[in-house]
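Chain lettering (A, B, C, D and E) follows the sequence in which the chains are written, and residue indices restart at 1 in each chain.
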């Protein structure tokens, strides 16, 4: 879209501010992680690696971190698959039932966390799911599902369905059409759904606090207990590690994937 | 059967058994686990640590008849409020409570450790004329400045009683209607009052100097000072607080739970606990080796014990729900 | 017609098919039988239901009522991708995220055709539409006509026994169109493919088709060869839609063997009886009308006088619009060799009564014809 | 080659997707029913049955002014957060579609990074940034603005919440904007629309699905926020979740907590269904059968 | 040409405009002057740069080099919305989120035209394209041709002094197209609007345009009236692109006043000198060729023998493709009245040397012509 130079400058500035706003609180974590004292004060004092050491050597931290990775990855996949399927179904349904079902699927987002958490806990006690990987994955998947649903639905709204017809006419079955035509074109939506799902699980605390047990703790549970009982900068160290890990992973990944698709104008 | 002795464990008595001990995690629970190490080694029990303690979670277990927690460390009020409902009435013949300070053993609980809620003030702000008591804390004219109050959830009975005193009442004869009067005193502190939500936040408030007078847990106060906060405590009427050891209703092996608690109450266990966590032991014979900065905030010295203020349990337990509701209204800006 | 012996094309049978969008009937009882290997063209005004018919055959549109079979079997419930039908969409429907090459290779990939073979066939198809140099472009980097050609190549590349084409050459210049018409004819001849073809170019329809179905408002008005439609239109609509025509209206009188029409005082007659139509009209093709200066020697049995209202130079001849006495317009085509007339010239038109077609007046039924 | 496979005449004729759409939603629905359907029903039942059967929990909810204040505040803070998110995310997402791959990468990173640092930690960072002795106030002071109160105000809460939720707005928006046919904007320009006019009459309406998607996520998530308003706000920015938390976790007042949850749920759904017709426009409906 | 006195149309001046996409030159030094009120048609093969030219004029595409002025003023830097140009896009570009009515009202709304007036003008424009009944539909609910008509109405409704139309009638049937051609002509005549028009329909180009610019590979080959292009093509490309043509190649010999070409043993001559072209070709229009059975009385000074390779029935006459001795094809059109021939018949073609055009052979330069 054409823009006046002034508009362009203003847009750039606004976005710069937004970007700073987005990353500033994350960056604050970095200096805090090198604090010499066991404190989350800012500005931090002294310099020390001890919190990183703590993260690496204390099994509570490292295992909970790995657990979170595991749970979040499974959740991301499961929720994305289920959510995308559902978004499709809804997209192809008559408006009325679709709206109803859509609402239903949004409930996990709306019900206050505690209320849901205790409900799920009661169910899990009966089903022997407390503190199990399955338990975590199922609960988090439910919580993540609405994000995937919404993100994918938004993309389906703007997707040109005539292309699916074209693919079918060329001999592509439903699945193939989906894989070769629909999927690549709504991929941005699915990817953002996937990210949301992963992040939801990775950061979920309220339900996790209830369904956790000594065998299986996720990172947020660990962070929570750490932060409620003592101001442990290990939390900041974890934050910093995540920050750099993601920057490298995402940045590197995107650079490696290389050339942007230039299909669409 | 022999009278139990705190800290004594029968060799191999719990071999093959498993106990789940629930507390609040972090260094506190680490310390508790260390304190119980001897018990575990000797009895041969397998000890699992769980947490954090959520009463609602416990309730769900009790209601479903599927109780997986064997010994639970809780805040000070719940064992009184839910005594008999969620927590077993304790059979004191199975425990040695002789070394526990006066008046701390409840019907359903024994204390897990002591700490205090202490008034901390900014030394630089008040210099020569520091606040000395809760009365000063509530006096914004003589002592202007930002106050920080525990807003992490439940009301602190002791604080409300102090507030009620400021309003001219006598906590000993407090009635339900008086709760409002006490809360009004807090409300009058004005919009500048900070209600901190986590211990970490209170510590952070002290270290950054945001608040001039802070109601703080002693452990946090100690850490803040250690980290360079220019704050000092006013010990007069510090509020005695303790975590409680309880046994939930419906545990599979009650005796094993008793054995754990009894071991926990032992002198040596309590010394280990204090050294690891800097909380005050509840065995009066315990002599933990701690450095000066920690010692300064231990509450079990005779002096401290004299200055301490115990809340009126008899009043708060039945009125807990009412107080909570009124307190929530204050917290919600009403 | 005349299904070729080597025939592998599929037969299509539409039986009183209707398709409604809400209250609006896009198709209204369409019955159409297409023989294996036949080249059937759908002709009709904009919005008359041609694309909808193709969509029904291809399986993209559910019918509201009616039956459909392809290759002798009912295809109700057969999903589009199993019908093995090549489709050129009016809107192209190229995949924006694939290059031209991958777009065209797509149906082959789906059929598991080996890389080598695939490359060869893609190259061949692209060469046929003269897009060989563009395999690496994305659709957004092509001109309109180039996109259309890619769509054509994509539909043809996998040799489907049935090809549906919705104005596949509409965006192309004459030369290219003629070249591709030849190619399409070749495919039709060599492979015996059944074609259902939509075009607005009547010449194209005449050149390519075995039969033509004329659509109007969701119905088929007539099906027949190009000559049949031109010479023997079943309705006034068809007569006016196909080719140029002059329509004479007037007071009608019918005797035993012929009908006379009085147009603005002049009477013309045709040797056919009225079939009870209240208001018959007389339809004349431009080449059946002879044009000359008034009083010149006459051809034909009937004559009408008028004035030249428009003269159009057509390269290979001239086309005149002649205003008649009743204000209506007659269209006359004269070869370059003939006499030429200027605007406003008074002329006389002569024609043979046998060349006129008497038809019932259905012109109120259609608003898209002027 | 035979033209067609044998057919099953009874199956419905359908383009592209041979499966019934409902079947696609089934797995999600089953999981939904299993994992939260049951708890949800229990909650509703408990809100009606504890301590006795009846509506007492609801009359209590609507009888206590503090609840209504907080409910109203919850919605208004969420609305503000949503507005702020839309306003900030829109230009940002647009820029993402308009720049080269390198800048886009940087912009995407800025969006994704906050995702990975625990929400609790991030909120603590905000406390540090916003507090009176914090970084932002120091900056403001040196710029001559003294005594700007950010922390423990609703402004502070909105700033913090919006930052946490911004990625949920930006990503759906970006993914929709990427698909917009810019030739339509050209068409508008040719018809005499100033760039701003073309933007508001063509680009904006076409990007609305993304705005709606993001806004719904943000708004609903904001409704349930607990930690951030608690830490960044004061008593005057308490949100409903905190009250629910207190009722359930501190008081074991299931009935009341449940009733609050149900009220929140119903209120949200009412709002959503009011918004639904706006969100499903007819021009898309047309493409469906 | 001949700008009308009441003229309010805008003049356009393109001065050696080039547009490159990477290494590919979509426009390569195009210079084009369009007078105010002129009707200029751009003709050319698919991908030759017509749409690009329109985009440059409308301001959607930056030029790589060259100058452009509209209405006498340079428009470099003038944003598209200030150019006040109506555009019918090849891809329609209807706003999917607005109804037909709102689409057409859009330019009026932008110009702050009052509701009443707006309604009237929208209704008029929609009626003109015969879409009056569809005002409440969304574009996705229309057929291809209906969408195109809406696009046309939207471009016309605000009476812009300059209209750019990219195949505005391409998806319409003949009748509708003729009706709209008349409307376009009327607008052109009554309002003096300048038109730049792209079409693939040569008849349409001839009917509508004052002048035609023939594009080839990003360049303009010739600009002139339809007759000029047909009768006096400047290049072989133009000659072959416009209308049917027969191209004779052979050994050439030139004397003082005429040039003789030997085609498969038969020699034909044209009364013009070679202008130094190494390999001249002779271009003949179909109507300049007379067809007859061998030995029949001859017309014209030259004759060639051949065989009927294809006979096409065209409604108003026949078109024959005649295979000549050297394997090339001659195209002949004969009126319905004339004699008719069958496939394989031996025939003789006669023509007048004066009717043949001698042109340099540039056929290697273009691959899209067969």
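The definition used in the following text is that a contact is a pair of C-beta atoms (placed from the backbone, for glycine too) under 8 Å apart; a residue touches a chain by one contact, two chains touch by 3 or more.
In UniProt terms the chains read A = Polyamine ABC transporter permease; C, E = Spermidine/putrescine import ATP-binding protein PotA; D = ABC transporter permease.
Since the model is a prediction, treat every value here as computed from it, not as a measurement.
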Any chain that touches chain D and chain B: A
Pair of chains whose C-beta contact count is the highest in the structure: A-D
Chain whose Cα centroid lies at the greatest distance from that of chain E: B
Distance between chain centroids, defined by C-alpha means - chain C, chain E (Å): 22
Intercentroid distance (Cα basis), chain D paired with chain C, Å: 54
Whole-Å gap between the CA centroids of chain A and chain C: 56
Touching two or more other chains - residues of chain B: 54, 56, 198, 200, 204, 208
Interface hub residues of chain D, defined as touching at least two other chains: 15-16, 18, 124, 128, 134, 181, 183, 189, 195, 198, 206, 245, 248-249, 284, 287
Set of chain E residues in contact with two or more other chains: 79-80, 91, 141
Contact set on chain A toward chain D in their complex: 1-4, 7, 11-12, 14-15, 18-19, 21-26, 28-29, 32, 40-42, 82-83, 85-86, 88-93, 95, 97, 99, 101, 103-116, 118-120, 122-123, 138-139, 141-142, 145-147, 149-151, 153-155, 157-159, 161-162, 164-165, 167-168, 173-174, 177, 185-186, 188-189, 191-192, 195-196, 199, 202-203, 205-206, 219-220, 223-224, 227, 235-236, 238-239, 242-243, 245-247, 250-251, 254-255, 260, 264-265
For the chain E and chain D complex, residues of the former touching the latter: 58-60, 79-81, 83-87, 89, 91, 93-98, 106-107, 110-111, 138-141, 154-155, 158
Touching residues on chain C, where the partner in the complex is chain E: 21, 43-47, 50-52, 90-91, 130, 141-146, 148-149, 166-167, 170-179, 200-203, 206-207, 226-227, 230, 240-244, 285-287, 312-317, 333, 335-336, 367-370
Complex interface listing, chain A residues touching chain C: 160, 162-163, 165-174, 176-177, 180-181, 184-185, 261-265
Touching residues (chain side chain B, partner chain A) in the complex: 20, 24-29, 48-52, 54, 56-57, 60-61, 63-64, 66, 68, 198-200, 203-204, 207-208, 223-224, 226-228
